[in-house]
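First up is the structure itself, then whatever we jot down about it.
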Amino acid sequence: MVDAGLLDAIVQGLITGSIIAGGALGLSLIYNIAEVPNFAHGDMITIGAYLALVFNNPAEIPFLPAFGSAPLPAAAIVGVVLAGALGAAYELTIFRKFRQKDADIITMVIVSLGLALVLRNVVLFLVGSKNIRYESASVSNTNFDFLVTGAGMTVRTTQRQAGDVVTTGLWGYPWWLLAGGLILATAVGYGVFRAYRREEGFDTVYLVPPKILGTAVAIATAIVLGALIQLAPQGTDPIVATRIGLSIKHLTIVGVVLAAMFALNVALKTTKFGRAMRATADNMDLAEVRGVDADRVQLLVWVIASMLAALAGVLTGWFATNLTPNMGFTLLLPIFAAVILGGISSPYGAVAGAMIIGVSMDVSVYLLPSHFATYRIAVAFLILIGVLMIKPEGLWGDV
Amino acid sequence: MSVLEIRGLDAGYGDLQILTDVDMTVGEGEYVTIVGPNGAGKSTAMKSVLGLTTYMDGSIALNGEDIAGTDTNTVVSKGVSYVPQSDNLFSTMTVRENLLMGAYSLEEVPEDRLREVLDRFPILEERQMQRAGTMSGGQQQMIAMGCALMVDPDVLLLDEPSAGLAPDLVVDMFDKIDEINDAGTAILMVEQNAKEALRRCDRGYVLVNGENAYEGPGTELLNDQEVRERFLGG
Amino acid sequence: MSEDSSVAPSPEETILAVEDLEKHFGGIVALDGVDLSVGSGITGLIGPNGAGKTTFFNCLTGFYTPEVGSITFQGADITGSRPAAVAKSGMVRTFQIPRELSEMTVLENLLLAPPDQSGERLSGAWLRGDAFVDDELSVRERALEMAEFFELDHLLDEPAGNLSGGQRKLLELARALLTDPEMVLLDEPLAGVNPTLEEKILDRIHDLEAQGYSFLFVEHDIEMIMNHCDRVIVLHRGEVLTTGTPEEVQTDDRVIEAYLGEVDV
Amino acid sequence: MAVADFLITLVTFIAIYSLFGIGLNLKFGFTGLIDFGHVAYFMVGAYVTVVLTLPADAATYGGIGGFDLPGLFAALGPLGSLFGWVLGVVGGMVAAALVSLAVGVPTLRLREDYLAITALGIATILNTVVKDEDWLFNGPYGISGIHKPLVDVFPLSLGSFTVNMAVFGLLSVAVFAYVAYWLVNRFREAGRTGRIAMAVSVGLVSLWYFVMPAIDGGTVELTKNVLWLFDPTAGPNGGLDYDRFVLILAVGFLAGGYHWVERTINSPYGRVLRAIREDEDVPQALGKETFQYKMQGLMFGSALAGAAGALWAVNIGFVSPDQFASTITFFAFTAVIIGGTANNKGVILGTTVFWAIRNGTRFIDVPSQYSIQLAAARLILIGAILIVILYYRPQGLLGEQDYDIDLPGSATGGSDDV
């Protein structure tokens, strides 16, 4: 039996971070461009999760006829689109009006708080407070045991099937392969980094910063190599061993959030309207002088942010395997922490902040005595306060 | 026909009236300067054209069409371009992105226009990918000017273009403005550096306390004893 | 630096000494090594727009922290001090755009200013001893006097937000003077003030100067600076271009070039 | 249950939450600090008071304490234990103020939106600590068997049934008379719409309180409602029962807190606080150490929340961490904004409106399986009211209050005509 260790805590932290990042992407848009510290964002996440539930598992909603069940991905797409329409409604009926009155940031905070109260209780009113699950195929965890032995490394995968732990795979890598693979992966990553980097000396703007791209390519190469070349086990008597638990669910969540982040970044950096959004965030008066219709920008911000919130909601509900009217609100604090930590001005910042928060939450739970597990969110918060004490404008500031 | 014609304009901010019965005209291809003491309403007059102030009374005609009280982005799409005195670029965006934002009101980015602007301000081409906020004051002023020129405006409004520039840059800046004007763009400029501005412009207005005080050809105002004593420091 | 020794304050007269002050904003160098000393009397600070005058004021009064350099006021190093500490040490500033407290009345705006009021402390406010009443009465008397002088006395109970632009300037100035300063930093105190009032303000400033107050003020009106200042500092591109008596500065070619444009008339 | 009993419970609630709201108003209304963690001080005040006054051998309690202050002073005489309890309340208030001091040091320098979120975060953390650390205050099991001041004295009987009824009944009627007098004066001052609103609401309330019981339940109900301080079923001869005492206690604390805050606000000190709210740079430029003022405002407001917590514990007789969720803070914000930010009377009015909506709807007859729906509907209504008020009447029902520093021999009476 191999125990889950620090490595597993980090991997779990990245997954937690992805869930937070889903919410942080939308919140940072609203925060930065609409200039609303949106306390309703958590409840927008909840609403999104329940909108998908309407199509995925209507039988759970009291006043709805059980009209059948759409697969979760399809239901999620419909839910996200509907959430976008709701986002437009928030902007048109509430936030646009307050903006036209030049409401200050305190007023915006309290308005969003009022909206939060309404949204959460609409869910309670319509669905009630019971725990509900999505209708979806159950996904089993695969444990990857990494055993470092004198001859190299052995990997063993196990799964729980019908109550028993079954070994589903056993292979290994000799030392020479490990070393060679790592060198190759590093070389590929560095090559990509060099090829991608241009015009040294300026603050060149990239869609993906070269260092991050290089690192990501190196890690991906190592994983692909490891998956392709599986040699005989190198013994099962480990010097050091550690376990990581993973499932397709986890990988999907991370993948979807990273894809959303990348799509948002491409939209903001390369499209005309995306540029208009960034310009509005930077200097709203000047954007108007340049011919930007600020109302349209704000409308789109609320639509996109609500859709991202709904996406986060579906992922959260699927990950936690249950939905409650409070699910979003409990995420609100880590999401705010991530956004303030990452600086409110870029999708990458929001995701980076979320990952820092997620990893520190799970790693601290791993490192601290077991009864501290309930302080996961507190840890996120202490990090935020610590950072704000040193840099009151956030880790990367507003630029 | 004049490009811009302001008649009897009253405007201000909220309830506060700054301008009273202001008249101003900018002819096609003309270079007009507004001078006057601080707080006289020079910038307010300019912002009123763009719909950035509270319109109260009077008329503002652009190419014969009344635009008083119209939305800023509508005014801009009709051929007015504006360079604010400060906060006149998107500091978190690159120089290139700033220029593209300059052409935002057009369907697509006019490549030939972009070329022209880059030729006029070579430093901008060199630094295309740099964040605008990290550039020096003079360079930032060039970006702002370049952005405003992206739409090939009928009239270019400049709010104190020489503010904060070193003396040698000030001369450069005025030379650039001359060039732009020579290429056919009408210019309405507010300038604190009154002597230089009046020397170069076709016509000038002196605003005092939100009202027209004097007007005439630039050199004439420059040589007018009273104007000199009151506003040009003797 | 072309400090003219004949007009630079001698060390014992120097009230405010600034050495090598630098402040950056992104790529813009707002202050690029400002060296100057200010003595008693009225000192004018001029310079074209964007020369760094307001940034300089903000650094002096603790609203910005300069990256490099030191500020010495009456022998004490106040570099990086908090604004309140600077004000308490006797250097008070006005804001270029008046910052009246718009929801409070004109009287309340004035009453706020005097230092060390007994009722300003929590204990004083709760216990309300004799000192509380005496202080409040004397503060009111001074505020009324000041209001009368600045012709604000008919507006005492108006919310300050209802004042006109010129009246706000006056309120700002009156409030600063009520703090019992040694030196007052005035950021364009006369912009938008009508000529008769302007004259009055200048008279008052001269009165106060005679009583031992010192002034450093930013102004655009050259004539005013030339007629009313003992000494003039010209700031340009974040540096001190020159200092001297009004006559000297007025005839300095570099000043004329920087501030008034090319000399050709 | 007679309407009077329901109203006594409701008004006790309103008094406690008004005190809580006045603490918030000092922070938010007068100083401009958005403290989204206000409930934390309510909790600290409640727990610390409870533990300071709890007997050492309290059953089913495994946390630190109890320190039994009332028992300690009981030897001094009948009022000794009351003194002990008051000391406990002071301890709770001081603890709340000290906790807010610790919270304020890192957060008060932050931007207002960052302050809001960090304050909310810290309150959530404190709540988690109380819930998870059993050794501290008994964790999720809460504390029961709370010391109730003077509980042995009640029901208070002054003699025979008739004497009790006469004394407490007359007192009840006197209170009604005072309320009527006050209402008539307000009515005279009010404008046309105000008069109509007053007439309609007073009419409806009287109809509900005096006329309906008379029709429904006959004279017994009516008597109970009119002589509301007198409880004929309490003790052998009837008298003043403990619930009514708690009401008087809560209203007394509210009155004390109200005047204390008024005295603070109507002073040069309050002037500085309001200046900070409007534009912190100005008082700073004039030499006021604004950070200290903000800190004091935060601590004072938190202490009042702590006192409200102490009363809450006495009123409910049981404290547990889930009574102190952050929604309580949001309710208080809503109440303050409805009544009028920076208006202490407005806080009381807003709290009354809020709790009337929240609890008054219990008279709507819905089947019990829909109770969640009813509760949710109330909160939807409250959230919507909050947004609508902020849009159409951001100053709240009453608007900002007037300020006047009382000075003997001064002609200019501050700004009472604004």
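By written order: A, B, C and D. Residues from 1 in each chain.
Please note the rule applied: a contact is a pair of C-beta atoms (placed from the backbone, for glycine too) under 8 Å apart; a residue touches a chain by one contact, two chains touch by 3 or more.
Listed by chain with UniProt protein names: A, D = Branched-chain amino acid ABC transporter permease; C = Probable branched-chain amino acid transport ATP-binding protein LivG.
Please read these numbers as outputs of a predicted model, since none were measured by experiment.
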Between B-C and C-D, the pair with more C-beta contacts: C-D
Far-end chain from chain B, centres as C-alpha averages: D
Whole-Å separation of chain centres (CA-atom averages), chain B against chain D: 59
Centre distance in Å when chain A and chain B are each reduced to the mean of their C-alpha atoms: 46
Where chain B and chain C are represented by their mean Cα positions, the distance between them in whole Å: 32
Touching two or more other chains - residues of chain A: none
Residues within chain B bordering two or more other chains: 91, 133-134
Overall pattern in which the protein chains touch one another (line/ring/star/complete/other): ring
Set of all touching chain pairs, with the criterion as stated earlier: A-B, A-D, B-C, C-D
Of all residues in chain B, those that touch chain C in their complex: 16, 37-39, 85-86, 91, 133-137, 139-140, 160, 162-167, 170-171, 192-197, 199, 222-223, 232-234
Chain C to chain D touching residues, read off their complex: 61, 63, 82-85, 87-88, 92-93, 95, 99, 101-105, 107-108, 111-113, 115, 117-122, 124-126, 128, 132-133, 135-137, 139-140, 144, 156-157, 159, 175-176, 179
Contact footprint of chain B on chain C as seen in their complex: 26-29, 48-51, 164-165, 188, 191-192, 220-223, 237, 257-258, 260-262, 264-265
Residues of chain A defined as touching chain B within the complex: 199, 202-205, 272, 275-276, 278-279, 281-283, 285-293, 345, 399
Residues of chain B defined as touching chain A within the complex: 50, 52, 72-73, 76-77, 82, 84, 87-94, 97, 100-102, 104-105, 127, 129-131, 133-134, 147
